[in-house]
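Multiple structures follow.
Both complexes shown next keep chain A, but they swap its partner, so chain B is in the first and chain C is in the second.
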Partner chain A sequence: MGTKEDNVLTESQLMCILIGSMTGIGVLSLPGDVIKISKQDGWISVFLGAVYPIYMVFIANYIRKKYPKADILDINKKIYGRFFGSIFNLIFLLSFLLAATEVAAGINNVLRIYMVPFLNRWNILTVLFLITAYAAYGGIKTIGRINEVLFYGTFIVYIIPLFAISKGNILNLKPIFGSGALNIIKGLKETVVAYAGIEVLFIIYPFAGMDINIKKCGLKSIAFTSTIYTLFTIVTILYLGIDATSIFLWPLVTVTESIMIPVINSFRYIFSSLWVMNMFRVISINYYTFSYGLNKFIKKFDRKAWVIILFPIMIILSTLYGSPTTRRDFLNMIFLPHVIYNVMLVTITAILVAFRKGDDYAKKDENSNND
Partner chain B sequence: MENQNLLQTKINSIKSLVGEKNELIVREFVIGKSSSMDAALLYINGLTNRQTIDSDVLRPLMFKVEEDLAVTDNLEDIIIKKYISISNVFIEQDINKVALNIKRGKSVLVFPGTAKFIIIDTIGGEYRGIEDPINETSVRASREGFVEKLETNISLIRRRIKDNSLVEERLVIGRRTSTDVALLYIDNIADINIVNDIKERLNAIDVDGFSGSGMLEQFIECYPYSIFPQSFSTERPDIVQSDLLEGRIAMLVDGTSFVVTFPVVLFEFFQTIEDYSERTYLGSFTRLLRYIAAFIVITLPAIYVTFIKFNPELIPLKFLGAIIESRKGIALTPFMSILSMNLIIEFLREGGLRLPSKIGQTLSVVGGIIIGDAATKAKIVSSTTLLIVGIATVATFLIPNYEMSLSIRLISYPMLFLGNFLGMLGIAAGWFFVITYLCTLESYGVPYFKFYKNDLKDIFIREPVWKMDKRPEIIPNVNPTRQSNFRNLFRRKKHGN
Partner chain C sequence: MIMQKKMKTVIMISFILILIISFIGKRGTLVEELNISSMIGYDLKKDFVDGVNYSVSVRTHFLESKQQNHSHVLIGEGLNVGETREDRQLKSNKKLILGLEKVIIFSEEQARYGLKAPVDALVNNPEVNDNGKVAVCSGKAKDILEYETKKYNATDEVIGDMIEHSNEFNFFPEDYTVIDFIIISSSEGRNVVLPYVELTKDGIEITGVAIFNKDKMVGKLDMKDAKILNLLRESGGKGILTIQKNSTEFINYHPKAKRKVNCSKEGDRYKFVIELNLQGPIVGNELYKNFSSDSKALKEFENEMEKHIEKMCMDFINKTKGNYGVDILELGKVAAAKYGRGKDIDWNKEVLNSIIEVKAKVKVDSQGRGEY
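Now for the complex of A and B:
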C-alpha cells in the first residue's frame, strides 16, 4: 500500500541484514584463527576488529547524506566514469560472490562432518543454493523480512555456546595482555575479516527510508556482532584453552558439544541446524546483492534473470574451495586485500563526493528528496 | 381497450427481461371498487411472501380505494402513501432494474398510463434460522452464526456495530446468477486503497456464477497458487466485528454463511475469539500451544525419520532400546510407515467429514482403534511410529482455522520427504523455504508474515485487553488508536486518596 520501492526496509530489518551479513561462517572458525596469533588475548583483537565496520558505517552515512537515493555503484559510475566505475564496481561486487560461495563451501564442510555425512557436496550445495536463490529472487522486501524473522527466531544460537561458560577455567584467560600489544594488533588481521560483510550497507541503504538513521542502525548491529564475537572467543578460550583451540577446525562447534541436556543428547545438533538456517540467510543476502549489482553492471538481464543465471555458477564456484584447510588458506590470502580495497574505494569515493558538492546529480537528488 | 393493450405491452417487455422461461406470476386486477383502472402485480413464485402480497397489496388496492384514481396526476405517489401498507416501497423508472428486482423476490405494480413502476419489498421464501456456528463452536462467546440470507447477515453485524461510519457497499456479480455481494468496512478506520483495490478486482470478475464466498475470493486473491489461505472466512459475527474494528474489510455473499475478511495475515489463523474472554495467562498459554502444535505437525514426523535413519546416536540410549524393540520384524521403512499411516489418517479425516455424525463415530472407532491396533500387530508399523503420527494428528486439531490446519498438514508431507532424503539439512532447508515463502506473500499489499513491535502483544501471547491501545500495525488503517489507557484512572484514584 503506497509503499515506495525505495522505502522498503524498516530499521530493524536493516539491522538484522547487517548482523546477518557480518556473522558469516567466520564465527565458527574465528576463535581458532585469532588465538593462534594473539593467544589468550584473542578476544581483545576480536573486539578491536570492529573498527573496520565502524569506519565503513561512518563513510556510508556520509555518502548517503550527499546522495540519499543512489547506491555506491551509481555514484562510482558518476565519479570515475562509466568504464573505470564499472570495473571498480565489479571488484567491489566480487566480495559478495566470494562471501556467498565461501559461506556455502564452509557450510558444506561443517555439514558433512557434523550433520549429513551421507550426502555428497553437490547435493548439499544444490539444496543450499536452490532455497537461497528463491529468497534472493523475492527481492529486498523478502530478504528484509526473512532476516528479521530468522534473527529473532533463531536468536538462541547466539546464546547456546555461552552456556559452556560454567565449564570454563578462568586461568585459561590469564594473564590478560600477556601476549603483548604487538600480537593483539597482528591478530586484527584475522578479525577484521570476520567483520567483512558490512559492505552490503553501501548497496542497500537507498532501500531504507530517509527517516531511518543508518549510523545508529549500523552501530547497533556492530555492537551486537562484536559482543557476540568477543563472548564466543572468550568462551572458547575458557573452555578449551589456547592450545586445544588451535587444534580444532571449528572450535565453537566443539564448545556447543559440551552442553548436555537430558533427552536431547547433544546440543550440537540443535545448534547446527539453527546455525544452518542463519547461514542460508547470509548466503541469500550476498546472493541478492550480487545479482542486484550485476544488473547495474549489465542491464540486459534484470535482477531476477541474474539470480537464475548465477545459480549454476554459484554451485560450481563453491565446489572449487576444496578441503577446509585449503579453503581457509585461500580466504586468508584473498580477504585481507579485498578488505583493504574496499576501504580505499569507499574512502576515495567519499573524498571525491565531498569535492563534488553542488554537482548536478546531487542537486537533482536532493530536489527529488524534498518533494 | 387501449389501456389494456398498453398494460400488456409493458408486462410483455418485463417478461422478456426477466426471461420467458421464468415462472413470472402476472396478477391483473382493477383498482378500486368503482373505477375501472387496470393494473397488474408481477412477482416470481417462491421468492415472495404471498401472505404479504395478499393482505397488504392486493386487498387494500382492490377493496379499499374509494376515490377515482384515473384522474389524478401522481397516481403512484397516492397509491404508495395511502394504500400500500408495506414499509419498503419505492418508485422505479428503469425497466431493467425492475426486472432485477423481480428476480430478487420483490413485486412490481404496473399501470398502463405511466412510465413508472412501484416496487414493493415482498421478499420471502424459507431460510435457515440463526443457529450455533457448528464449525466454530466456542465455550465462552456468542452463539450466533451467520446464515445464508445476506440481509440477515448484515443485520447481525449492524446490531453489533452501531457506528455511523460502518459502510455497506453492494455489488452484483455473476452473469447468470446475479449474486448479491456486500462489502462492509468502517470508513474512518479501514484503508481506502485496499477497499478500492478489492472493489476493482470484484468489478472485473466476469463469470457465469459461483457457489459461495470461498470461490469468489479465489477469483480476486493475489496469490492464487499459495498453499496458505488467502482470506479469512468465518461463520461468527463476533469475529467479523473485531476484524472490522481492526480496519479489515468484510465481504458478505448472498447464499453463503461464510463471511470473508481481507486483508489477511498469518497470525489471524491462530487467534480465537475465546483468547480474549479468557484470563490473560490462559489465553497466552493456549496461543503458545497452538504455535507449538503447528511446529509439531510440520516437523515431528520428519525429525523422527531423520533420527531413525541417519542420526540414531542422538536418541538417548534408553529410548533407543525401546525403539529397536518395537521395530523388530517390521518390513516397511520408518519413512514408508509414517507416510502410509499419515495417508490413512487423511482418509479417515476426509471420509469422516461428510459422514452423518452417527456413522462418524463408527468410523473413528474402526479407523482409530482397530486399524491402529491391527497395523502394529500385523507388523506394518511400529508402535513408536504410530505414536508420532498420533501426536502430529492430534496437534492438527489445535489450529483453530480448518483451512489453515489443512495447509499446515499438507506442508508436513514435503517436509517428511526432505527429512528422509536430506536429513536434518532437509528439515532446516524446508523451514527456511516455508519462512521465505511466507515472507514473499502479500494480501492486497499487506505483508502476510511480518512482525511489528506493537503487534507482538497479540501474536504469540495475548496481553491484557486493556493494554491493546493501538490497532494492529500490520493492517493499514487511518485511525490507529483503539482505546485510551483508562486503567490509569483507577490507579490514580487508589493512590490519590
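Now for the complex of A and C:
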C-alpha cells in the first residue's frame, strides 16, 4: 500500500478497539456455559480466564519492543520463511474470519428470537455486513474512531444487567468454592474463549505511536472486560441461580428482562439493540484485520478491494452456522484448538525473536518499504 | 483517477441496491389485524385412559370495539399444548399476539397433573411476558376468563391487579410472576407456592395458596394457614397480627416481616432456626390500658406478641409437617447454600426430618397519632 497508516491510533482508541474486540456476542451465553461446569463458582472461572489475554499482551509488548514497525505477519514471514510463514499467518488470520462470521451468526440468532422474528437472515446479515464493511473500508482510523464513539455512546449497555442485582439472592452464590478447585479450572476452557479477540493487538500495534504504552493500554482493557464479564456472571447467578440458568440459551438477556421500569414494557429491547451496536464494533474490527492480513498474503488486491471481495463471502459463511445449538457445538470444537494454536504461535515467534538480532531485521524492513 | 471514480459510483449504486432489496416485502402487521391477549388460562380434561386433553383459553381485546375494554375468550383444544394453537386459530378471526398478558391461570386439575408442558411452551416463546402473574384456580380456568366483573373499568386485569397488590396484607410476597415460577421450580431446595383464586358468588377472590412439588401441585392451604406460611417462608411481606381475648379486647399490629434462617447440623439431622424480625405500627388497641403513655405496656405487648407468633408458627409447622411431603418453608435452599449443592440430596426429605425452631422479635415503630 502506498499510504502510510502509522501513528494513527490514540491511546483511548486502542483501548476501545481491544475492549470491543474481546466483548463479543458470547457474553450473552457465557454465564450459562460456565455454570454448567463450575456451578456457583463460575464467576471465579470467568475472572481467571483473563490469564489468556494478559499473556498475549505481554508477548505482544515484547515483540513490539524488538520490532516496533512490523506486525506479526511480517515477522512470521521473515522467521519461518515465505512458505511456512504464509501458512502460519493464514491460520492465524482465520481466527478473525471466524470471529467476524460467528458474531454475525450469533447476532442473527439473538435478533430473530428476541427482536425481529419477521426479518429473514439474509436481510439482517446483508445490512449488518454492509455497515461493518463500510467501516472496514475506511481503514484503521475509522475503526478507531467508531470504537471510541460507540464505547462511550453505548456505555449504559454494560450497566443495564447490573440493575438486576436488587432482585438477586445472595444464597445463590454460596457455598463459595463449593464446586471444587478442579471444576473452576475446568471452567476456564469455556471462559478463555470469551476473551478471544485480543489477538488483534498483534496486527494493530504498529498503528499506535511509540509514545503509547501498549502494555498499560492492553491491561486496562483486559481489566475492564474481565470486570464486566465477572459482574455479568455474578448477576446471572444471583438472579437466576445455577439451576435456572441452564434453562435459557441466553441467560443474560433473561436477566435484563427482570428490570421493571414503568412505561418501558421490557428492558431487553433496549439492551439488545445497544448490544447489537457493540457487535458492529467486533465485526468491523475483525473484518478490517482479516482484509488487512489478506492483503499481505496476496498483494495483488489492495486492502479496500479485499473488503469488497469479502463482503459476499462473509454473508454466506455467516449463514452456514445454523441454529444456536449447532453454532455452539461447532464453536466449542474449533475455538479452543485455535486459542491454543495462537498461544503457541506467538510464544514460539517471541522466543525466536529473542534469539534474532532486532536491528538486522529493522534495516531489511526499511529497505523493503523503499522498493 | 477516473478508474477510482467509476469504482466509487459502482460501490454507491450497489450499496443503495442492497438496502432497497433488503427492505422489499411485507413486514409486520397493523394493530387492527391482531388479537392482543390479556390473560391466558390452562385447563385439562382427562378424557380417556392414559391421555389428557389440553384446553388453552386466551382472553383478547377487541380494538375496534366502541365499548371500553370489550374483550372475548378464544379457546383452543388439543392433545398437547402446541396443537391447541392450531385449533384456536380455526375459531379466531385474526392473528394472536402474546406479550401483553397480565396473568396466566392454571386450573387445579392442570396444576395437579403437572405444569411442565405449558411452562415449557412459555419458556420457548420469547414473546411471552415474563412479568405476568401466575395463579391456580379452582374449577375451570375458562370460567374465570369468561367472568365479567361488574362496575370495574378494566375487567381483564382484575386478577393481575389482585395478585400484584396482595402483598399489602397477609405477608404475600411480590414475586408470583412467570419468571419466578420458572426459577423457583427448577432450583435446588426450593418449592413453588402460588396464590389460589376461586370464583365465589361475590366475585373472584384469593382463597389460599397452592403448594407445589417441582411442577406438580400437591396441596392447598386456606387463607388462615397461608398467612402463617407466608410469614415463615417469605421475607419483606406485610400483614396484620392480632392478639384477641374476646370481641372487645384485642390489639392489631401491622408489621413488615424480615426472615433470616440459620442452619446447623446436629448429628445427621439438620437444625433450622427461623428468625423473624417484625417491625411496624399498631393499627388498633383495645387490650392494653395507657398504651401510649406507659412504656411498660408496650414492652409487655412486644413480649406477648413474640410468644403468640412463636406458638402460632410452631403449631403450623407441627400441623403441616407430614401433610404434603414437601419442604414448604424453603429451608433446603439455606442448607444447600451452606453444605453444598448438586449432591443429589432430597431436601424435601431432609427438611421434614429436621428440627425447626422459630424465634420472633417484635418491635413497634409507631403508635399512630394517639389513642381513643
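The rule we apply is simple: the second predicted complex is superposed on the first by the 355 of 371 C-alpha atoms of A that agree within 3 Å, B and C clash if a C-alpha of one lies under 4 Å from a C-alpha of the other, contacts with A are read in each partner's own complex, and residues count from 1 in each chain.
In this text, a residue touches a chain if its C-beta (ideal position, glycine included) is under 8 Å from a C-beta of that chain, and two chains touch if they have at least 3 such contacts.
Because the structure is predicted, anything quoted here is derived from the model rather than measured.
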Give one word, clash or fit, describing how chain B and chain C relate on chain A after superposing. fit
Look at A:111 in the shared chain and tell me whether it touches chain B only, chain C only, both, or neither; answer first, second, both or neither. first
Which superposed partner A:174 touches (first chain B, second chain C, both, neither): second
How wide is the angle at chain A between chain B and chain C, using CA centres, rounded to the nearest 10°? 100
Contacts of A:127 with chain B and chain C, given as first, second, both or neither: both
Of the two partner chains, chain B (first) and chain C (second), which one does A:150 touch, if any: first, second, both, or neither? first
Regarding the shared-chain residue A:280, is it in contact with chain B (first), chain C (second), both, or neither? first
If you stack the two complexes on chain A, which partner ends up touching A:308: first (chain B), second (chain C), both, or neither? second
Who does A:241 touch here: chain B (first), chain C (second), both, or neither? second
Could you tell me if A:269 is touching chain B, chain C, both of them or neither one (first, second, both, neither)? first
Just checking: does A:138 make contact with chain B only, chain C only, both, or neither of them? Give me first, second, both or neither. first
In the overlay, chain B and chain C get no closer at Cα level (Å) than 5
Identify the overlap between the chain B-contacting and the chain C-contacting residues of chain A. 118-119, 123, 127, 134, 265-266
Touching chain C in the complex: which residues of chain A? 39-40, 113-114, 117-119, 122-123, 126-127, 130, 134, 171-172, 174-175, 178-179, 239-244, 247-248, 254, 257-258, 260, 265-266, 308
Can you name the residues of chain A that touch chain B in the complex? 1-3, 12, 111, 115-116, 118-119, 123-124, 127-128, 131, 134-135, 138, 141-142, 145-146, 148-150, 152-153, 262-266, 269, 272-274, 276-277, 280-281, 284
Can you tell me which positions in chain B touch chain A when the two form their complex? 191, 193-194, 310-311, 313-316, 422-429, 431-433, 435-437, 439-440, 444-447, 449-451, 453, 476
So, in the complex, the side of chain C touching chain A is made of residues 11, 15, 18-19, 21-23, 27-28, 99-100, 123, 126, 129-131, 179, 182-183, 186-188, 333-334, 337-342
